[in-house]
Amino acid sequence: MRQVIKFKIKRFDPMGAEGNAPYWQAYNVKLDHGMTVLEALLKIEKNDDPTLSFRRSCRSAICGSCAIMINGTSKLACHTQIAPEFEKHGEMVIGPLDNYQVLKDMIVDFTPFWMKMERVKPYLVPKKEPKGGWVITNEDTKVIDASQKCIMCGSCNGACNSQEIDEGYIGPSASAKAWRFVGDIREGDKRLRLDRISQEHGIWDCVRCVSCTEVCPKDVAPMTAIEKLREEALAEGLDDNPGAKHALALVDSVKRVGRLDEATMTFKTLGFLRSLGMIPFGLKMQMHGKMPHPILFPAIGKLDEVRGIYKARERQRKNERKKKG
Amino acid sequence: MVIHDVIVIGAGLAGMRAAVELAEAGLDVAIVTKVHPIRSHSVAAQGGINAAMNKADSWKDHMYDTAKGSDFLGDQDAIEVLCKEAPENIKELERMGAIFNRDDKGNIAQRAFGGAGYARTCYLADRTGHSMLHIIFEQVIARGICRYNEWHVVEVIVEDGVARGVIAIELLTGKLHRLHAKAVLLATGGYGRVFSASTNALSSTGDGMSLALRAGAPLMDMEFVQFHPTTLKRTGILMTEGARGEGGYLINANGDRFMHKYAPNKLELASRDVVSRAEQEEIDAGFGDDGCVFLDLRHLGEKKISEKLPQIRDLAIKFEGVDPVKDPIPVKPGAHYSMGGIMTDIDGKTPIKGLFAAGESACLSVHGANRLGGNSLLEAVVFGRRVGRGVAKFAKTAKLYPFPEDALKNAAHGIALLMNREVGESASKIVDGVRKAMQKHCGIYRDKKSLEEGLAKVRQLAAKLDEIALVDTGDIFNTEMINVLELGHIVEISEAMLLGALNREESRGSHSRSDFPTRDDENWLKHTLVYLEDGKFRVDYKGVSITRFQPEERKY
Amino acid sequence: MALNYAYYPGCASQEITKEANKTTRKVAKILGIGLHEMPDANCCGAGLMTDYDRKLWLTLNARIFAQAEAMGMDIMTICSTCLMVMNTANKELRDDPVLLKEVNDLMAKGVAKGSEAALCYSGKVEIKQLLWVLAGEYGLEKLKAKVKRPLSWLKAAPFYGCHTLRPSDALGFDDPEKPWSLEAVIKALGGEVVDYKGKTRCCGFQVDLVAPDTAVSMTAKRLLDAKDMGADCMVTPCPFCHINLDNYQGMAEKKVARKISLPIFHLPQLVGLALGLNEAEMGLDRHMVSPESALNK
């Protein structure tokens, strides 16, 4: 006998009888061997309830239509086998992607998603082509290979903790797209892109929750793309913002004492005036013994080794940059 | 009502490539698409795109392979354009930002594909279509081309033999809109979803072809459907030909390779129709396993599989529970590509003034009775560009004819009839019936009796279309209504296919009649045309363009 | 067999969250887990070095791993960010032998001048955190047996945060979709687990200084999620999460205009509490939010 599994589906129809509020509806689905969540939804649509709305197309994890929440995690419905999913969670709870406005049932408004994409100028602006055309090696494209795999299903933005709070945050998906061009050796306009996304609500607002990389069905690793964009922005000298200063302060702190010196980092990140604003809070921390001593911060042992590594790497970086031109 | 110079229906590779060309020409072009552009099915093309790039290769060789692959039904004037323009199109794509895999010297790498005399398929791992589609979409964004995403075209408006625009339903609101234009370009892809098992996206329901047919344009060679040799057992999901191009074997249930019996020279890399039939024969002879043979990649090793075929590995694991590194993948032939389509000339013109078609929905025909792997992405870019230029030339001098007054009212009436019918037939039962009939009667092997049975079944089901009642009567994303609109297309296309197949009493390319097992050039070296006139189908024929290569016996 | 680790408390717990470090040492002693000092260990990069220069980051991490390798031990940390950063670096180095060699070469170049012994990392070290050790190698049954004062009065909301769980391909121990380890430890200590929505989400720490509005809203959301589900306290294995949930709780309260007053425990403190350590021993007085309400007096 085939197993019957209950699907609890979060529904919403702004024009429906239930009024303008989401509600839950349960459907029983007979499980076939190897059945995916998308197949179950299609079965429900066909046999039980044609009013259930969800996007679908390729059903092979390449068109990016069917990202939804499955037991609390954004996933492609077509790429998720029911049996292991049910075994792990003991239930099948389905709903629209988090962090998007729901239009109907599992269909969400992707407009902000595409607007963010357009913010990063999502197309190649080529440099002048060398005589005889571009010679590109697989090595050259390796750095952007992962970000090229993106199918724009929006799972990452649905999982993004920063976007959960700040709707305007550029988000992992657009960042991965930005890196796809910034990291392309043919790109001629990377500074403009980097400058744009170094502003507020840009790459430095990533909270590094790693949710994007975790849920991505195509191994795009958007968070790594964000790190690479930051690296590139710093290399381009785009460091006049708190995020960049914060990172540079850490780099400096480790070089100076081998570890993270929070007080100095705060000062360097915020600058003198904004740091003054932190004084009352600092005093409160001080009362609880929570302020590190600003001057007598102890260094690690064999700090010379760390400094030696910094120096060796700095030399190497200079040579690499020379080679790149 | 909105007015544009040109409306492109469909945002796959061909449609968007054409739109880019139209925008370049300074025209106001809008794309209408029922899914977001990058959800279009071009995205799923895996293996690659053909072009004679190497000195040892030539466009003439490519042309010969394509003509031979088409079983000489392809129009050679069109094939010549396809192959000649291939290399510059590849370079152009690259300039737009496309990345292809490279060889050790930094040149574009090319892999072997079925039916080709030379390894001329350029690729990006096993997601070439994905890369191309995203690149062209980027170009669409760069030019700020207007897009109506998730709008479903319900009618192409033609009056007095001139296309005037379209009527489309906006899925978000359920509202009907008039889009008025000087020219309409259909680029809506194939009709793989007339079958129950297909590699195609659920959205590949042949909408544009049926819209053209209703508008008075003929469809051509609809009986020719490619069955891809390697689709996953349970889901019919595509396993690229590139897997065999990289050295994969086909084995039967005994673990033996069998292609030497059917194509002693090209073996697994014979053309797709040949390989699919060979598999079916093995299965029918009792050497299959539960209706399948196996695609064996084990000898390629984990490194090569992960580098060149990562998606294939992922799909096999996720959808079939088989890791190709360790086990052979169970595969069977499955409906994959529509050689037939809207009849056009070499510039994408249909017989209706102002109505054009390109890509899989068009039939030029470059693929004839069987398409070669790696030629579909190529057709989409080469003819997307060419037809785009042709439409631009037309639209620059064309006049904007008035949009018929009652067109919107009539369309709205049709939708209202459907929405308001309280009791009636279930659409999903009808669509299941049609797909089952097509699978059974219009598959790899066909014969008169079975085709007649199929036709009777489809006609019987078609009669119920006007009795469908919906459960969902809402306006917002009423996917049930869209399914019914698509069903209308599926039914019409099925009938056109069955008629073409029934009449064509020979075996050619993908069309195999067990009652007429040989090719018959004397009587059947011609294209099938199907018209829809006053609700009735009419079949006609037209000659094939043969320029460089005379038909010869086809062996691999 | 006795458990021995190269102990890497992380920068935060050597200063701001000293109490976590102090308590961990006491708890380890009671449980019989050997913690061995790494006086020369540098900062892992705190998830910020990657933004500056990936190779420098990898090399500095390799230096830490090489020290542990020389000690013949795996690393145990009490910081989730260190855990994530070090495991990510370790995975990159292990997956790519060419990269590992480059990094070793760079380390040799840098260290040659400053030190007598050449440092080299072969890829064999594992990096764990206290939570994993307790729920894994040490074992929940054994932990349960050591409990002197079961926390039967306590409704504790587990707060994993991000870096204990993600990226799972580098971390591996627990399942970010359905984590279990922190709940299991709370239960082993006799406490009741309060489930709530935000337990695997971000505390906001990384953008405290960069996007303070986002950070404080995030902190508030997590606190309220737990509070509204009836938690007496939250417990976290990460000092950075602690900083936001505890130190910044006042700001979070201001942001949402609501008194929250939710005590936040470091994981070792919750363990210490059940093992019978007193408040002063665990530095509970250092917390900004008074833990009194959760202490069952």
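Just so it is clear, A, B and C label the chains in written order, and each chain counts residues from 1 on its own.
By our rule, contacts are C-beta pairs under 8 Å (C-beta built on N, C-alpha and C of every residue); 3 or more make two chains touch, one makes a residue touch a chain.
Source: prediction; values computed, not measured.
J.: Taking each chain's centre as the mean of its C-alpha atoms, which one lies nearest the mean of all protein C-alpha atoms here?
T.: Chain A is the most central one.
J.: Comparing the two chain pairs, does A-C have more C-beta contacts than A-B, or is it the other way round?
T.: Ranking A-B and A-C by C-beta contacts puts A-C first.
J.: Any idea how many Å lie between the Cα centroids of chain B and chain C?
T.: 54
J.: Where the centres are mean C-alpha positions, what is the separation of chain A from chain B, in Å?
T.: 35
J.: Can you work out the whole-Å distance between the CA centroids of chain A and chain C?
T.: That gives a centre separation of 22 Å.
J.: Considering chain B alone, which of its residues make contact with at least two other chains?
T.: Not one residue in chain B touches at least two other chains.
J.: Quick one: which residues in chain A touch 2 or more of the other chains?
T.: Answer for chain A, listing residues that touch two or more other chains: there are none.
J.: Quick check: in the complex, which residue numbers of chain B touch chain A?
T.: These residues of chain B touch chain A: 35-36, 38-41, 43-44, 91, 94-97, 99, 101-102, 106-107, 124, 127, 130-131, 138-139, 141-142, 172, 201-203, 234-235, 237-238, 311, 314-315, 318-321, 427-428, 470-472, 474-480, 483.
J.: In the complex of these two chains, what residues of chain A are touching chain C?
T.: Residues 71-73, 88-89, 161-162, 164-166, 169, 200, 204-211, 213-214, 223, 227-228, 230-231, 234, 242-243, 246-248, 250-251, 253-254, 258-260, 262, 265-266, 269-270, 281, 284-285, 288-292, 297, 300-302, 304-313, 316-317.
J.: Would you mind writing out the residues of chain A in touch with chain B in their complex?
T.: Listed in rising order, the residues are 13-16, 33-34, 36, 45-47, 49-51, 53-65, 79, 81, 103-105, 107, 110, 117-118, 122-124, 126, 129, 133-138, 141, 144, 148-149, 151-152, 181, 184, 186.
J.: Using the touch definition from the top, list the residues of chain C that touch chain A in their complex.
T.: My answer: residues 11-12, 14-16, 18, 39-43, 45-56, 59-60, 63, 84, 106-107, 109-115, 119, 162-163, 165-168, 175-178, 201-202, 204-207, 209-211, 213-215, 217-218, 221, 247, 250-251, 285-288.
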